[in-house]
Every structure is written in structure tokens, then in C-alpha cells.
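Common to both upcoming complexes is chain A, partnered first by chain B, then by chain C.
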Partner chain A sequence: MSAAALGAEAAGYVSCTTCRLLSRPALAEAPGFCPRCGAELRLRRPRSIEVTWALIVAAAILYIPANALPVLTTTTLGSEESDTIITGVIYLYRSGSWFLALIVLVASVMIPLGKLVALSYLCISVQRGSAKNNHDRTRLYRLVELIGRWSMLDVFVDAFIVALVQLKPLMSVEPGSGVVYFMAVVVLTMLAAQSFDPRLIWDAHPPARGRHG
Partner chain B sequence: MAEPVDSKELPVATVVRPRRARISVVWIVPVLAAIVAIGIVVQRFISEGPTITIIFRTAEGVEAGKTLIKYKDVNIGQVTAVSLTDDFAKVEVKAKIAKHAAGLMVDDATFWIVRPSISLSGISGLSTLLSGNYIGFEAGKSYASERAFTGLEVAPFIAGQPGKQFVLKAADLGSLGAGSPIYFRRLPVGQVISYGLAKDGKSVEVKIFVNAPYDKFVSHETRFWNASGVDITVDANGFGVHTESLVALLVGGLAFDTPDFLPAAQPALANWIFPLYGDRATAMKAPDAVARRYVLHFRESLRGLSMGAPVTFLGLPAGEVTSIGLSFDEKSTNIGTRVVITFFPERLLSYADPEMAAKFEAALAKSTQKRHSFLQRLVEERGLRAQLRSGSLITGQLYVAFEYFPKAPKAKVDWNPETPELPVMSSNLVELEAKLTSILDKIDKMPLDAIGDSLKKDLDNLGETLTDARKLIGSTDTLVGNVDSKLVPSLKTDLEALQRVLQATEQAMKNVDATLLGPNAPAQQELRDALTEFTRAARSLRVLLDYLERHPESPLRGKTQSSSGGK
Partner chain C sequence: MPHPALDTIACPDCDLPQTIPPLPPGGSARCARCHETIARNPSDPIDRPLAFTVAAAIVFLIANTMPLMGLSAVGREATTTIIGGAHQMWLEGSELTALAVAFCAVIAPGGHILFMLTVLLAVRHPPAPRWVGDLLRFAAFMQPWSMNEVMLLGILVALIKISQLAEVVPGVGIYSVGALVLLLAAVAATFDRHVVWTHVEWADGTHPPSDPYTRSGAGVPG
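Right, the complex of A and B next:
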């Protein structure tokens, strides 16, 4: 709880990421395997920041086609209408369901973007060795991990509509290619959040203060 | 800081290259993502067609992002924006055209809005009822790329169908419209694609499409005519109703045919311009190469004579009335009629048998002089005269007839003017009318009132006379009564006297027996004489009785002078 609390690494131990058993590492470079559950022991997730960065970049790239390409193509009696996420939100807003529009906007646009921004911020702060706002950053990380899956809402809705609305001659809904990229964005950001090792936030804490505090 | 280097503090060299130097495999993910994203962009860029602008008068049913552009029912683009033009007069529609259709955007490509239309000639664009209007497209023939178009108001005829397009020039559109059928021998073989005013505004240009294989029947000599609706003609030939078909009756239509008298010609080239005739008769009329114009000065009213009225020669159609007007004679300061007729000698020749026609032509066609003298002779010797005649008593339409009137007053033809004048003859009808008028005038002049008065007087007199007559009859009755009462007794005495005579005669006869039958009968002669006398007496008596019967008054009044014989 206290910022000055001693971490396992600093104390010369290694914590199993699977069963949380605290053990002494076999070697400082290669801690070996957990004596209880057999999982590979790591002081920190290897290349956590790098992997996170790579996934953030990939997600950011794919975020563009995910929003630019249509996610749904509705065919009503011969007239075809393609909607991207944003036009869907605008359509919902214009047709009076501002609440739904807000939900879709938050879940499908703001959350993925927010996750990307939040993870980038965490990575940058860790890389710069910042020791400020550790608690807030940890809370931010937890939030990112928690809400990440909710971004799939849009994909699920898509999948439902496509499966349900197939009244072929009258009306049919086809998934647009955008939904694939959108899903990729969500999955990549989830992976990025997973690959980020939150312990790194606390590593930057000056040891002296930690030991004494 | 410390000068002597503590060997323990120096790092130990590693056996393997530190892994950190290597780039993590995980970077493949963003690279892949980048490749995919770039791929999308590139694909988009490659497949990106041109954006075109179409100007429409109205954007009926056109919606941005929804309305498609279709060519042969295949989507080739989509409307991206609909806005008003800068001057707010028209609608500017921007559309994104698919890459594969970019080559179709040439400067003579056409666009139009397809909307459902239900007319008598057919139902079209029914699918748009459900899907909404779309923009139809028709490829052009040009190779010049174009990005700005002006949309058509009506759909052009969809090409790609085998056949040919022709242009008809008409004075007016009649009841035609786009889609009006075209008939060939009453078979629908095509339709009107579009129509528009000619550039000079003096005629209407109608674009038509004749489907294959019928298009080969359209030759350069083919005549097109308007089969629109009901064609009712009232002319000197009578009353005529002509229609092509029920559809044509309702929506108008065209028909074409090639006159038989023309040699078979090659099929016409596409977009050949034909004149559009008003009706079949005009269209199929043989062209009159030789046309001679003459002036006629009729002395009667021209009411009922119309331009184009037939001119007949001995009852055969030979020309038509070209103009009707007035003439002013300076000398007599008289305004008269002036009718210009056009005479087509070839038409008359077509009635003659070919050999004769050839001879005739050979004799007269060569020299104007001969022709003139020929006509002169017809006029002077045979009495060829023009006459206005009524073609139909019901309609009162007149025509000009050329007939021989041998008793017509002498006339000459003056060949000097450009259009020579031919002598005329008052029409039978007019003569009849004049006669009737004169009769009526005479009747009008008769002192009918006076006649009536005197007739009345006469009748009064007659009445009086009759009264007298009745009186006379009454007196006659009394007379007869008198005869009964007075004459009969006297007759009785007469008869008694006669009886006495007879008795005396008998006595005498007895005496005669003695005297006459004797050998010397001297009385025999006397007897004969006496008998003769007696016979006479008897005759006289009969006459008397007759007379009395007829003139019962005679015993009273005596014998009238004229009567003979008596008592």
C-alpha cells in the first residue's frame, strides 16, 4: 500500500505469476521455474514495454480503417446503405436516440482510443522512469484492463444483427470490412494491456526512499 | 571516482550476444497492421473511380449516399452529394463512379433519373417504387473523358438493342411523346426516343428508334407520318376517320411505309433525317415533279374551298388548290376572287395507259409552245372550263373541276403572265342558285295581296251566285209542280183527242176496208198519205214529249229561241 513498500525483486525474491508463490530465484538472470506449479518464473515480463508498444502501434494503425470502413451494410429493398461507426452514431443521434448514440460513441470510439492513449501514457511514463502518480497510473491500468473487453460490444451487436436480419428480398444486413479491423483494434489493445507489466510502474521508485520509507 | 580500478566492479563479458540488441518479434504485429492499412489505402486508391458532377433540373428521389448510378442494371457508382447550383436554379449531384466504370465517363454519356412511370405505352421503372429512384446511365461513343454532365429529363431509349435511330422533322409534335409507338403495317416496330425543338425553332425534331430487323425496311425513300390519335378529315372527298391502333389512338404514334411506286432503295443510314407527314395520304403521295400553276378567277363565293382542295380533270384528281385570295381589277375597280391551282400533269398521265402516256409526253413535253397550243385548243374548241363544285353536300366543301362545256362562251388563254389564267364557268350549283333566286324574286314580285283580295271578292260573288242558284232550284221545283198540275191534264185532253182520232181512224179504216180494199181502191193512196201524215204526227209528238221532259217550263213560257220543233 505504501509507496515505500518493498517489492519482491528488490528483496531478492521472485513471485510466481501463476500461483503467487514467493521463491528465491535460481539465478538473477534466469529465475528458473516455480517449485510449486512449475510455471516459468520471471522477475518482470520480458520486453513488456516493447511488446506493448508494438501492439499499441498496430492497434493505432488499424484504428484508422476500423473507423473509415463501413461496419454494416444494410440492404433494404434494393437500396444499399453502408454505415461506418461514426455515421452510425450520427444516424442514431439524428434519429433521436442520443442515449444509444452516446453508448455506441463511448464503447466503440472513445474507449479504444482512450485505451491507446492510456497505454501509451503508461509506457512513456515507465520508460522515462517517472515515479509520480504511481497509484493513479495503477488505477488507470486496472481500468484499461477492465473495460477493454466492453469495446467488443459493437462487434457483438454487429454479429447479432447480421445473424438475425436476413430477410433476403426485403432487407438484409451484411458485415462491413471495418468490423474486422475494429475487432483487431480491440483485441490488440487488450493484448497490449495484458503485455504491459504493471509492476514496472513501481520499479521506477527510488530504492532508497522505498527502503527507508 | 576511485583511481585504482576494482576488478570486481567491472562487468563480465557475456558469452552470447545480449538479447536486448535484437528487435523483438512482436514488432511484426504493427508491421503487419501497417501493411494491411497501407494495403487498404492502396486498394482504395486503385479502385477509386472518378467523382463526377451531374446537373439535374430536380433531384427527385436522389439522396446522397443512397442513390446509385446504374448502367444496364449494374451499379457503377453512387451519389455522394446533392446540392443546389450556385444560381439555385438547378441541382448539382456529385457521384463517385466505380473504377471499372471510369472509362464510361465520356462527354456524350447520358444520365437521367429513373423514376417509376406508368403510361399507356407501358410501365417502366417499377423497381424504383421499392428501391427509390436511381440514376440511369447510358454510355456514349466518344473517347473524350468528361467529369461534368447535364442530366436528361427523360430517359433516352436504351441503346444496345439492335436497330437504328432516325430523326424526323415535323411541323409540330402532334400528340407524340417519348415512348410513342412506331408502326409498320400496324406492327409496333419501334418507339419515339425523344423530341425537341429544332435549333431554329421552326420545326420539331423527333428521335425515333426502329428495332431490328424492321429497321431494314426504312429506306431513304420511306415516308413517316403521324398516326396520332384519331385523324378525322373533312374535305371535298368526304369524311374520313383513320387510326393506327388503340394505343396510337390514346398516346399517339407514328407509322411508316415506303411507297410502292418508288424503286426499292437501300436501307437508310442511322440518324437519317426524314420529314414527318401529317397523315398517310400526304406521306404516300407520289412526288409531283412537274407542277403547273394557273390562276382562276371565279365569280362566285369561295366559301367551302380550302387550300389543298382537289382539282379534278374530267373527274380524275389532277392537282390541288394552292392559294385562295382576292384580285383587284383596276379598270373595273372590282374585287374578285383569285384561286391559284397547281396542276400535276404526271398524275393524269398515270391514269392513261402507258403507251399513250409516252406518246402524249413525247408530243407535249418537249415544247412549251405545243403544250400551250394544245391547252389553248382544249379551251377554245372543246370549251374546257374550271368550275367550282361541291364535293359534299353535308360539309359544303368545294373543289375545282375541269370539264368540257361546249356551249361555254368563247375564251382565250393569255400565256404571257407567269401563271396563266384559265377561263372559268359558273358552277351548276351557283346557276341553280341563281335560277332559284330569280324564281323566288318573281314570286316575291307577284301582287299576292291583290290576288288574294280579288280572289276573296270572286269567292264572295260565287257565294252569291250559289245562293241564286239555290233560289233557282227552288223555283224549278215549283215549276215541276206546275207541270204536274197543269200540263198533265192538258196532255190527257191531247190523248183523248188522239183516242178520238184513232176511233175516227178506225172508222175510216172501216171505210177504207170498203173503199181501199175494193178493186178500185182510190183511197189506198190517200191512206198511205194519211199514214205518213200520222207517222209524222207521232214523231212530232215524241219530239214534243222529249222537249217537254227537258223544258218543262215551255208550256208556260213558250219555246225558247234556240230550241226547234214544238207543239
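Right, the complex of A and C next:
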């Protein structure tokens, strides 16, 4: 099956990302507004790859303090104990909840890391004009969009533990400095996935018909 | 002609334009190139999601007012609600995290339910005015940030973690969040936003709403 650019854009139409009406753009550079829903028309998400890269880099930098700094500090009768995400997972595993430990490990460590790797791969492949594995790359993008929200799990866990365990001076739990970085990683990777335009995957010509040989 | 017939759409994932054949009730169509589901024809696209949304709105109010869980240790007790999770984070100095939790746990789900309720009530008598489209757009913006199912799992993990330290009692709130997750899944399964767009007055004022799956006369100014 040919993977040549067969998009609506090539056919001289612009598809509204809000209501999906196909219409003729006013100008290729400034397509104007959708006649049905009034949303601003764009042939592709503006500066999709650049914005996605910026968010990936920002999230990758914040991923370090998110994992190195404690997310929870438990005070029991004057003695303090701090937990990072990974020591929290180890604690769950040691206390016999290996299944929960696995869920938190996947949601908090593997999904954010996997998203960063997957989005980087998608950006690089689009920038190189790759026309291979289009189906797999589209499927990968959908997966990234679908599972990204689950990384917020640990933020909710921390919030509800902090909210409930407030029996001062006996025992109390405070949020650590790492939780804000972790939350930022999740939000930034979700925004990165939203700014990537999957239609760019299908815009490239196959090598045999490459424009520049 | 400024736009092709309304049954021709471009795949949102790969931009391939294609004409959607008339679909049987409950049927759906996949993109010929990338296999994404690009059109659905839910059998009862307004009233069914409306019923689930009304139920979700009621359960949302219960979930946000009743205690999620309680804790008792050496004769002292404490309870928390959903917004309590964000509130305590704020008090402890993690304001940004508190805002994110409040947005994903309360504001986005609440906004999504409220906008969906308004949209579905308004399109029962087409043509719906233009602001219905704007509300639908807000609802679509809120949806990815509405994380009830993630929150439910988070509450359960928190419950098990705390149970190592003290005795915890699950409250009415947890069951309500569980019901809310199911109801919102039912809304998503029975609703198709493209059906709503066919019931809304056009921004340019030239076209009356028409059925995209009727070939003849679709998109022709009446």
C-alpha cells in the first residue's frame, strides 16, 4: 500500500480539528476560520515538532528531581522518614503488596520514561521524513495519549495520604519537595503528547518517491 | 463550493479524506489507511448520554461531599474528602501540586459533566445556538484532565498504604467515585460529539444543521 501524502491538505482542503468539517482554506498560510464551528483552522498543529521537543526536554530535566527528591515525609513521634517514589515502591513490595508495587512502578516510573522515549522517537522519525512503520508509529502515538494520565497516580496517592494522616503530634505526613516536580513531569508529558500532530507521520513521501532522492 | 459534502471527512490521525457510508445504528467506521475509528452512529446519541450525565452529576455531588475514608489510631479519628486532598497539600506548602490535584479531581470532571449536561439539553431541540458549540469545545478540553479513574486507583493505593500505619475505614465517597467512573465511561460510550455538531447552528450563519449521513442535500444552503 502506498504511503504517499494523500492527506486532505494535499487535496486542497483543511480539516477542522474541533468539529472535523472539511473546508477550503482561505489561504494556505492563513486558512482562516471554520465556517461551522468558528474555530481557527490550521493545516497542522502550529510548530508541532518544536513545541513537542521543548516539552519533552523540560519534562526530562524535571524527571531527575522528581525521582531523586522525597515525595512524602512521615513523622512518627518526632522521628522523620522520607520516601522517594522508588523507595515508596520498595516499601509497598516489602510489606507484601507486590501487585500494588508493580502498579505504582509502572505508572510512576515506566510510563513517564516510556512516554519521553516514544515521543522523542516520533519527533525524530518525523524530522527525518521517515515513511516507514506508519501504522506502528500511529498506534504508538495513540498508546502514549491513552496511558499518559495514569502517571498522575502517585500524585493522588500522596495527596490523600497527606490529607488523611494528620494526627499531630503523634503521626503526620507532609508532601516532600519532589512531588511538585513529579506532577510537572506528568503535566508536561501530557501537553507534549497533545502538541504532537500524528498527521505529520503520514505527510512524508515513501523513499522510492522521495522528493530529494 | 467552500466545503465538500458533510459525509466526507478527513481522518484526524492521518488526514486521509474519505466518504463515510450510511452507518447502521450502533455501527462505526474505521479509517481506510490508519484504522482509527473515525465515525460512529450511536443508536440514541442524545437521550442516552443525557441520562448517564444526569446520573453522573448527582453521583459527582455525593462523591465530593461525603467522606472518602476515615482513619482511627489510638482513640483519635480523622476523615478526608476529595477536595481535602488538595486542601491539605496547599496548607503544607505544595500549592502547585494542590492546584493540579484540585483541577484533575474536581474542576475538570465537574466542568466536563456540567458542559455535557448543558450541551445535551440544548441539542434536544435543534437547531441549537452557536454557544452550544463553544461549550462542547470546553467539554472536550476538560476531558483528558478529568482523572476520576486514576484518582480511584490512587485512593485505593493510599488506603492500603495507610492501613500499614493505622486502621482505615472506606467511606461513602469511595463507592461514589467508583460509580462515577462507570457512569462517565457510559457517557463516553454512548456519546458522539460529531452528532452534536450536526445539530448546531453554523458559525457563518449560512447553513442550517443537516444530517451528515444523508447524502442528498447535505451542506446545501437551504
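Throughout what follows, the second predicted complex is superposed on the first by the 199 of 213 C-alpha atoms of A that agree within 3 Å, B and C clash if a C-alpha of one lies under 4 Å from a C-alpha of the other, contacts with A are read in each partner's own complex, and residues count from 1 in each chain.
Everything below uses one rule, namely that a contact is a pair of C-beta atoms (placed from the backbone, for glycine too) under 8 Å apart; a residue touches a chain by one contact, two chains touch by 3 or more.
Note that this is a predicted model, so its numbers are computed, not measured.
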{"item": "Fit or clash - chain C, chain B, common chain A", "value": "fit"}
{"item": "Contacts of A:V109 with chain B and chain C, given as first, second, both or neither", "value": "neither"}
{"item": "First, second, both or neither for A:V57, with chain B first and chain C second", "value": "first"}
{"item": "Greater chain A contact set [chain C / chain B]", "value": "C"}
{"item": "Touched partner set for A:L119, first chain B, second chain C, both or neither", "value": "neither"}
{"item": "Partner chain in contact with A:R47 - chain B first, chain C second, else both or neither", "value": "first"}
{"item": "Chain B versus chain C as contact partner of A:E80, first or second or both or neither", "value": "first"}
{"item": "First, second, both or neither for A:P65, with chain B first and chain C second", "value": "first"}
{"item": "Chain B versus chain C as contact partner of A:S95, first or second or both or neither", "value": "second"}
{"item": "Chain C versus chain B - closest C-alpha approach in the superposed model, Å", "value": "14"}
{"item": "Overlap of chain C and chain B interfaces on chain A (superposed complexes)", "value": "184"}
{"item": "Complex contacts: residues of chain A adjacent to chain C", "value": "1, 6-9, 11, 13, 15, 17-24, 33-39, 74, 91-92, 95, 97, 100, 103-104, 134-135, 138, 141-142, 149-150, 152-167, 170-171, 174-175, 179-180, 183-184, 187, 190, 194, 198-199, 201-203"}
{"item": "Contacting residues of chain A [partner chain B, same complex]", "value": "47, 50-51, 54-55, 57-59, 61-62, 64-65, 69, 77-81, 181, 184, 188, 195"}
{"item": "Complex contact set, residues of chain C against chain A", "value": "1-4, 6, 8-10, 12-17, 33-36, 68-69, 71, 73-74, 76, 78-80, 84-89, 92-94, 96-98, 100-101, 104-105, 130, 133, 137, 140, 144-145, 147, 150-151, 153-155, 157-158, 160-162, 164-166, 168, 194, 197, 200, 202-204, 206-207"}
{"item": "In the complex with chain A, residue positions of chain B that touch it", "value": "24, 26-27, 29-30, 32-34, 36-37, 40, 65-66, 68, 127, 130-132"}
